[in-house]
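Worksheet: the structure to be examined is printed underneath.
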Amino acid sequence: ACNRGTGEPVVGLITKTDTNPFFVTMKVGAQSAAATAGVDLQTFAGKVDGDNEAQVLAIENLISFGAVGFMITPNDSKAIVPAIDRAHEAGMLVIALDTPVEPAEAADATFATDNYEAGRLIGQWAKAKFATEGKDARIAMLDLNANQVSVDVQRDQGFLEGFGIDVADKGRIGDESDPRIAGHDVTDGNEEGGRTAMENLLQKDPSINLVYTINEPAAAGAYQALKAAGREREVTIVSVDGGCPGVDNVAGGVIGATSMQFPIKMAELGVAAIAEYAKTGVKPQNTAGKDFVDTGVQLITDQPQAGVEAKDSAWGKQNCWG
Amino acid sequence: MTTPVLQAKGLTKRYGRVVAIDGSDLELLPGEILAVIGDNGAGKSSLIKALSGALVPDSGEILLDGRPVHFRNPMEARAAGIETVYQTLAVAPGLDIADNLFLGREQRRPGPLGSIFRMLDRKRMREEAARHMSELGVATLQNIGQPVESLSGGQRQAVAVARSAAFGSKVVILDEPTAALGVKEGNRVLQLIRDVRDRGLPVILISHNMPHVFEIADRIHIQRLGRRIAVITPGSHSMSDAVAIMTGAAPPPEAP
Amino acid sequence: MTATADFEVRRHDSFGLRLQHLLHGNPVLGPLAVLVVAIVAFSIVNARFFSAANLSLVLLQVTVIATLALGQTLIILTAGIDLSAGAIAVFSSILMALFATDAGVPAPLALLLGFACGTAMGAINGFLVTRIKLPPFIVTLGTLTIFFSLNSVVSNSETVRGADMPGLMTWTGEAIPIGDFRLSYGSIIMLLLFGFFAYALSWTAWGKHVYATGDDVEAARLAGIRTGRVLFSVYTTAGLLYAVAGWILIGRLASASPNVGTEYNLDSITAVVLGGTSLFGGRGGVIGTLIGALIVGVFRNGLQLAGVEVVWQGFAIGLLVLIAVSLDQWIRKVRS
Amino acid sequence: MTATADFEVRRHDSFGLRLQHLLHGNPVLGPLAVLVVAIVAFSIVNARFFSAANLSLVLLQVTVIATLALGQTLIILTAGIDLSAGAIAVFSSILMALFATDAGVPAPLALLLGFACGTAMGAINGFLVTRIKLPPFIVTLGTLTIFFSLNSVVSNSETVRGADMPGLMTWTGEAIPIGDFRLSYGSIIMLLLFGFFAYALSWTAWGKHVYATGDDVEAARLAGIRTGRVLFSVYTTAGLLYAVAGWILIGRLASASPNVGTEYNLDSITAVVLGGTSLFGGRGGVIGTLIGALIVGVFRNGLQLAGVEVVWQGFAIGLLVLIAVSLDQWIRKVRS
Amino acid sequence: MTTPVLQAKGLTKRYGRVVAIDGSDLELLPGEILAVIGDNGAGKSSLIKALSGALVPDSGEILLDGRPVHFRNPMEARAAGIETVYQTLAVAPGLDIADNLFLGREQRRPGPLGSIFRMLDRKRMREEAARHMSELGVATLQNIGQPVESLSGGQRQAVAVARSAAFGSKVVILDEPTAALGVKEGNRVLQLIRDVRDRGLPVILISHNMPHVFEIADRIHIQRLGRRIAVITPGSHSMSDAVAIMTGAAPPPEAP
């Protein structure tokens, strides 16, 4: 990425972290798109999830490089806005990827998964499955962390809405009073956190039979806890992501259903939009009816339920990322 | 009898199974040099630590000018005018000689620099420190700005002794102040102790050096197994008597 | 006066002093008391807490951290600190998993290669500390970022699934049921390691040298101890222990994931400190660390069972840790 | 023999010895040399590095960390450590922002309230360290989780936008242009604070007491220093400094966000250690810390300008930190 | 002339501006007790540290049995049979007396417990430690399992002295071994030094205690300002001569 001096316009990609496969995939997608579009891609990342300052720093560096624009998956949707404003003053095009900024208009465009929709799909699927089997649900909610970040909130609330539970404040996790919710815990979005959280919730309420997880690594961890307790057959796990290991887990019966997102598509669209802007000065348009460009969500499951559109894991295998 | 300046009654201190002081008494009369002698581990250091607030005894009473006092820490004893040189020296190894000498009593610059900006008068403190050290005959010191940790054993001890001699206002306590000192430097410290006494301050001197003790002490307190077993004077007993009593080879004389 | 003195001495002898003797000789009793208090308290709040199943869960949950904290204890005993513990464990687990899957190396060999890598990473720390004489904090901070970065590169940030690995790799996650209590092989390995190092520290010359070096490295050197070698052996051994922790981690997660372990360093140091080992070196021991790790595990699990909200759990853990050390401090307070 | 001896002595006198004298008297020269080498190296790699605009960016980027590291230095000089530094800064920034917006308190008062809260949080640390006599590591670990948790609760995990705040709150982010160099008010405050504490540490009695306490707390106590008070003053002052860092943070991000600062503790400690202050207390100073913070800033910025890929940046930073301290070690190596 | 067991030629050591040893020589003959005396800061400790590997001199030569040696650390000197008690004692404060005595030379259990499990023979080490300590007359020791940091100053010194006397095989070096000791304990140490000499080992003794030095030394090396300025014997010169030479009040005698 250091072919500076070629005269190609500089385009930035700022991801939340550089260790999460989702962002690694996004980066790979952006790199190949950049090669095609003939732009010089500079990548940056926060050190950990939530690291806003590293992203501000990255924007400052891009301004000092004279970049034409950049894509960002904001770690802190609100706090990043002043830095984006400064980039705008420098005439740059700013595209939010995966996570919108707040307010969404602060970025020129947002290419993202509709996370609320992603949650809603698995909620609907689970509702249909439990209805068919005639079971009453006892739900464990395995969230990301205590910070109520937007992705976490949207998936969680979307799932609950899809399942037909009153979510009270749509912007807050944990203010629901529905008795079907057995408990919440946080996982940091990894296997370890998923397992420990599941273990503890199972101790609290052994009758849990439906587990929502923030992402597939957390789902894999939760499955291990269930397996150790000998309950893996009776409990359904749903998740969001569509990473290849996650799809494998759908095929293997570990995860009942997952909502796949398309990071490569996000990155490709983003690079193309900035390249276009560099050439013609034209800014991208949002999907009709939404304040962002929806890159789509696809429910993946091998147990299709009536009324919920889904693809099977074989399709998933071909389209997964990471 | 005159009221003792400093008096201890029935002090006791235990560490787990170890009894460091076992109901020990002590009297320090005005203007005298009281030597405390005793075997290793007899409880001499523990006794004077109790007097200087460095340890809080389990029981017993300490009187200063006849009034009971309860020092909870060395600052309180110091505020009452008791200045102590501990066996472990209690110097800050990374600071230099002047800083150590004036630790806790730093001098500020005259004028607004001192009163408003609280600026230290480093130059004056260094000069005074050099004077104090050369008074003790420590002539080999090559650099007054050396950190104390790089000094020789004797030089370091000289720093601690100079501090107490310079600042004691009521009682000066010295725990083996000459142990690491050379012959000349040791003699200077003896002279310094006499000077302090001549200023009217009583001195408690712990030492294993019998010639020193017999040369300088007015009275000698003999400590054995955590207790005071005798008080003698250089006139009444010989050195070998003292050693015999101290080691238990001879019975202590009748209590005074 | 004498009467008072006698009275006072006798009073102390009766209870305070005896308790103090006991605690003086057994510094782990402080943390142990804290652990017992915590268990009793949580059992009262939620009866389910004190069930065999739940207690075995707590043991399971602390196994990885405890193994890491064991290596950390060795290093802290020498007045060092290891910020790279978690990175070494995770990197080793990824390496052994990749060897056993992508590289197609036989499982036992893959395991040994993983252990060798952990040991080598510990040796790098040891080399920098003893040869280049850099402060352990900065050495392990540097290697932490290096190992994590290599970790991302080697693994491509992708999880290796346990299902794809030979059984030996995930064996540590299997458990022997003893009634409702499920004892995993990982926990057994961890307990054996603790036993081994408790022995080595107090009954072998190596152990004495570790304490002497941590106590006062200059004095130890003058007393004729090859402090460089002792330190190097400690860092290397710790590296091996972290690699074992990595293996146990694979069993626990039934996968090798490059994205875990960011909290492991602080957690392992916390266990060591709660267990009564001084960060200034030379004081403490491994049994305390095991208890320290269990204390944290009990807090986490107990708070969740007590139904404390997630936002307040951090608050409660912080408070409990402070209360725990205060209690320990109070117990061991020997009036100086 | 005499000839050889003479020769050897003379040879040392000529360059080695003189350099040593210089370095002996000025321990910051080591880190300073590292900083200069790094700046020169990065300027060669990418000419853009050594532009006024870019250098002012580096200064801007280290301002918050440097201010935190200033408080951290005070604490480390007393042989303590503060893991709650970042949490206090973030919590203070949230509080002052909320006071100034939701609570509608006039800006100057909101600022003072924020400072007061930071000071109070520092005082809590100080109280636990000096009164309950808990180890600083565990105290600040406990308060770290407590403050972060309170932080989430108070802020409702929501960012307060700078646009909604009175101008005073974000004033620290404004900059004076000096040619291409943009000096922010936050950086000016930071530099003034460093000057103030450099003075206080070496020219006032308080400074001497801080060093003496950190060097050997027992000796300092016996020498008549109220070590408890000194420690308490240090923790409290550090709390205030963190709150100021929080204010600068608001200016820098033009918002007050509860989700920043997780890395601040390690970063601030790194700056202190790179600056040559010993984690065992009593040795070092604040000017070194400023240089240490700049070293880290230069590395980060320079690597990016050099076009190093993100995955490899961690690797490179780790390596550079190790090289930096090795170089420093080599420079200050006084043959013992 | 017999070959000296240990010989130093033209040793020099500087610390920045401070010159600790300034081209000093030293000869230790077989079976003798060589006393080293000198003012505080004369460079005595630095000199013997160079001999025992604790510091590496800037220049100069050290010969053991006539062969040049270069000790880079205390272990190498120790391996060559040179056992040293440092002025700073070099004990591990947290370990107990037995552990300190046997530090680096721990004894293992007989049988497989020792050879395979490398188990220490704690009981035997404690017993031997108690014996060594009582040989030095330290009778007040109440608990052999006490950590060394809780011992009195003299008790701690006794631990260090006992260690060197028990393990020296070629040369024993003692830096002010009696400074903190009581009269009785001090005399015991003198006796111990004689015993060591009678076992055929030469001893270097640094001391500020002139009566001790003149009582026990075969030859006396006088150090001044980092240099050896004279070597005398107790027969040839009186104590006051020695002190005068040492402090520069009298000119040194012609070089031997």
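Quick notes
For clarity, chains are labelled A, B, C, D and E in written order, and residue numbers in each chain start from 1.
Convention: a residue touches a chain if its C-beta (ideal position, glycine included) is under 8 Å from a C-beta of that chain, and two chains touch if they have at least 3 such contacts.
All of these numbers come straight from a predicted model, not from anything done at the bench.
Graph distance from chain C to chain E, where chains that touch are one step apart, equals 1. A centroid comparison over C-alpha atoms places E as the chain most distant from chain D.
The mean-CA centres of chain A and chain C are about 34 angstrom from one another, to the nearest whole unit. Distance between chain centres (mean CA atoms), chain B to chain C: 46 Å.
Per-chain Cα centroids separate chain A from chain B by 72 Å. Residues of chain D in contact with at least two other chains: 149, 152, 311.
Counting partner chains per residue, chain A shows two or more touched chains at residues 18, 48, 146. Each of residues 15, 17, 88 in chain E touches at least two other chains. Contacts from chain C toward chain A in the complex involve residues 48-49, 53-54, 57, 60-61, 64, 148, 152, 156-159, 161, 163, 173, 175, 182, 249, 252-255, 257-263, 300-301, 304-305, 307, 309-311, 313-314.
Those residues of chain B lying in contact with chain D across their complex are 54, 73-75, 78, 84, 86, 88-95, 99-100, 103-106, 108, 117-120, 122, 163. Residues 199, 203-206, 208-209, 211-212, 215-216, 218-226, 282-283 of chain D are the ones that touch chain B when the two sit in their complex.
Residues of chain E touching chain B in their complex: 15, 17-19, 38-42, 45, 87-88, 138-143, 146, 150-155, 158, 176, 179-186, 208-211, 225, 243, 246-247. Listed in rising order, the residues of chain A touching chain C in the complex are 18-21, 24, 48, 143, 146, 174, 183-186, 188-193, 195-196, 199-201, 203-204, 217, 220-221, 223-224, 227-228, 245, 248-249, 252, 322.
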